[in-house]
């Protein structure tokens, strides 16, 4: 569905963990068009500082209420300003953008396995919601640095998702990484379909495991963006070239992705 | 309603608002937000003879009221453009301008020759100033004789309007302007990006993989406006002004400095409707100030 | 505590933080806000042989993340400086650098000669690049031979460290840098302001009475940083980096690009304590990153 | 007294006429140092847009409460942002700055006449307060375009000041300009000391009248400012030169002014 430019209104803004915020926006037309894994380009204020919008995934899509929810880390200048937005404030954004998680090919046989690292949990919730509507809520394998970076677990559980958490310091769930959770293949006899979102090193590690084990796998990528529309070519990533004689080509994370089948993705060394 | 139609060196535009190459893709990307038919013209992404993958990432960094880009002319090549991207634009009622870059003077001529025999392309914008390409690029844009040679090569291969796009990274922009006008340019576009860089102090490496990158956006507006003002005084061909235009007031500043048309670049990223907002703002200004024909205010600051 | 002392072409500074000429008056204006003794050096307002009233107003306009100024070197002349403004600085424990401008090559020499025999001035910054003076100014700053002539004239008349301040309004900053280093500069300062302008669309006149003005502030930082990077590669004298430095991170970017010292300009207007905040931020960075001597990170991005 | 840089807190913000705001800030050290006619350089936000501070006069100085009051017109980008500041918000500023109204020479004989045009009323209130503490509240002659631009009249009246207003459309007080009020020399036999603040054409007109009639007169000037500290030389105005052979010299509005004796001021044609 085509994206649109709209002025949203902040309905809720809450710090759910130190530095991590959950924001509900009134954006009926976006909510009606959006699919899990898509994102929006949000302006954090009306001025020139910062100049560019920030890409943030849709963490919840409620077409009935006409709302979208963002889950974000106040990481730098722009998201820190976003975190100061108050209820009632207007925030312009455009979206929904990009190609989200692919569900069609997987419909029949697969068991959805959400593999999240840190704030990478954000775009997986609406996917789990969609799977749970198909009565196949799946399993969440969630890695984080410590308990202070574990979010949205209850929302997954409410959907019937089985949740397994690993933290590096052991302050929540088992001590270890998300790859340790994956090692245990907690899906038994079922064929897993991995949906992966998180920091780049984690994406690479999971990708490598999936390839070695032959698991189906989709990966959500991040790149610096200007337009989010496929126009500026800022946000490219390397993907397998279809043309002969070429190892890779540049795809646009914003419109060809952000979600790719792992087989498409070519990592830089 | 005021008359906003302008003639940019033989290219008739129904209004002065067009898009800056590389910031507007191939036009259709913005179709969800605006009516492309309302644009005075559409300038598409820079095109080369053969396809290019461009530079590695990061290619972009935000700066105060500006941005750096080092896309490195990623594009599907002229054939890709003609086959894939031009057809969807044919139903649009706005002239299409193709922005071209070559590695050699001859390549510019070849590109011009291909475009000359292609229907549906109204004019050529010659990029002699892309700072993100190692080969040639910057050299053509900063040496008058080279810029003139490129212009002549294009001129000899087309009857379509030739708009030469100047680099701001020069001591004297009027010298460049005169050289390319003498070599046959019908109009001049300015400015391309200022050469800049940024450093990540944590990694102690340049932020942009390519090290250097082009600065655009509101930050550069005062420099761009000054150059349009200077070039207007120096040559008599019409000018396509750009560099940091974010709203109608900015656009009118450029027109008053001497621009016949203006291009919206980085502002497309901060507001996908920027072109329309600017067009409507120019219309409102003309109405309010009793400007019956946009030509009344082109270069007004010089009068 | 890390060692922050640097040697800028013979001028010993206890830390790399100094002030950009024209933005810090004669130092005492900022005494209510900061301890001047903590500055690595103080660069005072540009000085000419005879007093100047400067340009008419408006002399200043705000731009996106930047500002335009066309002060036109208003100053009390070198005698006025020595009599009125230097004495209060003598009790300050930071070296004073005097920034000079001449109408002719000879005037630069005369100024240098006067400063050479004046106690209490530690070094000379030679402004060959002020864009706001009709006579001479811009010419010296954009033609390598003229810049070299000015530099030689100063060099021949003083044994004090000579810092030549470069204009960014050139095609190739390294060519200018090499010319003035060959002519005897001990260090280079860069950048001065970019030439810009602004138009008042209501009056249809330039905003600045002088029409053209110098752009400074965060907007120009990417250009300034790129030039410091390029010049560091091209010459071996130390560099005094400036252009849009607003905070410690900016300052460290310049140091990593190759600046031995940095100057704070426009930021003094947005925060009169900017120099101190930047100094403290550099100290904190060094502590955090285990930098024991600031020299470890000068030019780090090149390593 | 030396200025200082301080983080103030917004205590009150009120739109008193369309586009005109009255803002009370907690700024104890500034309030203790400030004198009538001085101003502050206020940052309207913490970002780079707008870059520069805005010069605003002190409209009320309360050293006991530790507050200062600003009366301002949301004229452009910066002041429009200032008008969105909410109670509790921090705003950095430095001040007090400049040389205010001069009272010493006038002490004995003069009757203070405040001559205000539009928002030029702002810096006159603390002056009237000072005069009224000397039990000589004086007269306010106030010109404005229409009733919607008349402000602070009650505050002057509360100080015992006699208030005469002229509006161009006659919607408040008499129809006419402040110069029409001046024509009537409402001070009777007393020697007037004019304190004038308002738009440039009005300043010129009043200055001309004062010269013709031999009235003592002080004028508060405005110029675009960067530093407000006398360092940048952006804000100069022409004043009579002391040196022989020169018609004028450049003075700094920010530190030599903003208030000048009318005899010092040289107008551009």
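For clarity, chains are labelled A, B, C and D in written order, and residue numbers in each chain start from 1.
In this section, contacts are C-beta pairs under 8 Å (C-beta built on N, C-alpha and C of every residue); 3 or more make two chains touch, one makes a residue touch a chain.
Values in this document were obtained by computation on a predicted structure and should not be read as measured data.
Participant: Once you count every C-beta pair in contact for both, which comes out on top, A-C or C-D?
Facilitator: Between the chain pairs A-C and C-D, C-D carries more contacts.
Participant: Could you put a whole-Å number on the gap between the CA centroids of chain B and chain C?
Facilitator: 34
Participant: With chain centres defined as C-alpha means, what is the inter-centre distance between chain A and chain C in Å?
Facilitator: 47
Participant: Roughly how far is chain C from chain D, centre to centre by C-alpha average, rounded to an integer in Å?
Facilitator: Those two chain centres are 35 Å apart.
Participant: With chain centres defined as C-alpha means, what is the inter-centre distance between chain A and chain D in Å?
Facilitator: Centres of chain A and chain D (C-alpha means) sit 55 Å apart.
Participant: List, in ascending order, every residue of chain A touching at least 2 other chains.
Facilitator: 48-49
Participant: Considering chain C alone, which of its residues make contact with at least two other chains?
Facilitator: 63-66, 217-218, 246
Participant: Testing understanding: with touching defined as stated, what is the shape of the graph linking the protein chains, line, ring, star, complete or other?
Facilitator: Its topology is that of a complete graph.
Participant: State the interface residues of chain A toward chain B in the complex, per the touch definition above.
Facilitator: Those residues of chain A that touch chain B are 2-5, 43, 48-53, 92, 94, 223-227, 229-237, 249-250, 255, 268.
Participant: Across the complex, what residues on chain B touch chain A?
Facilitator: 22-25, 29-30, 32-33, 45, 53-54, 56-67, 69, 71, 74, 217-218, 246, 266, 268-273
Participant: Would you mind writing out the residues of chain C in touch with chain A in their complex?
Facilitator: Answer in residue numbers: 64-65.
Participant: Over in the complex, which chain D residues touch chain B? Could you list them?
Facilitator: Against chain B, the touching part of chain D is residues 48-49.
Participant: Inside the complex, what are the residues of chain C that reach chain B?
Facilitator: Residue positions touching the partner: 63-66, 68, 142, 169-172, 194-199, 201, 204-206, 211-213, 215, 217-223, 225-226, 229, 244, 246, 249, 252-253, 256-257, 285, 297, 300-301, 303.
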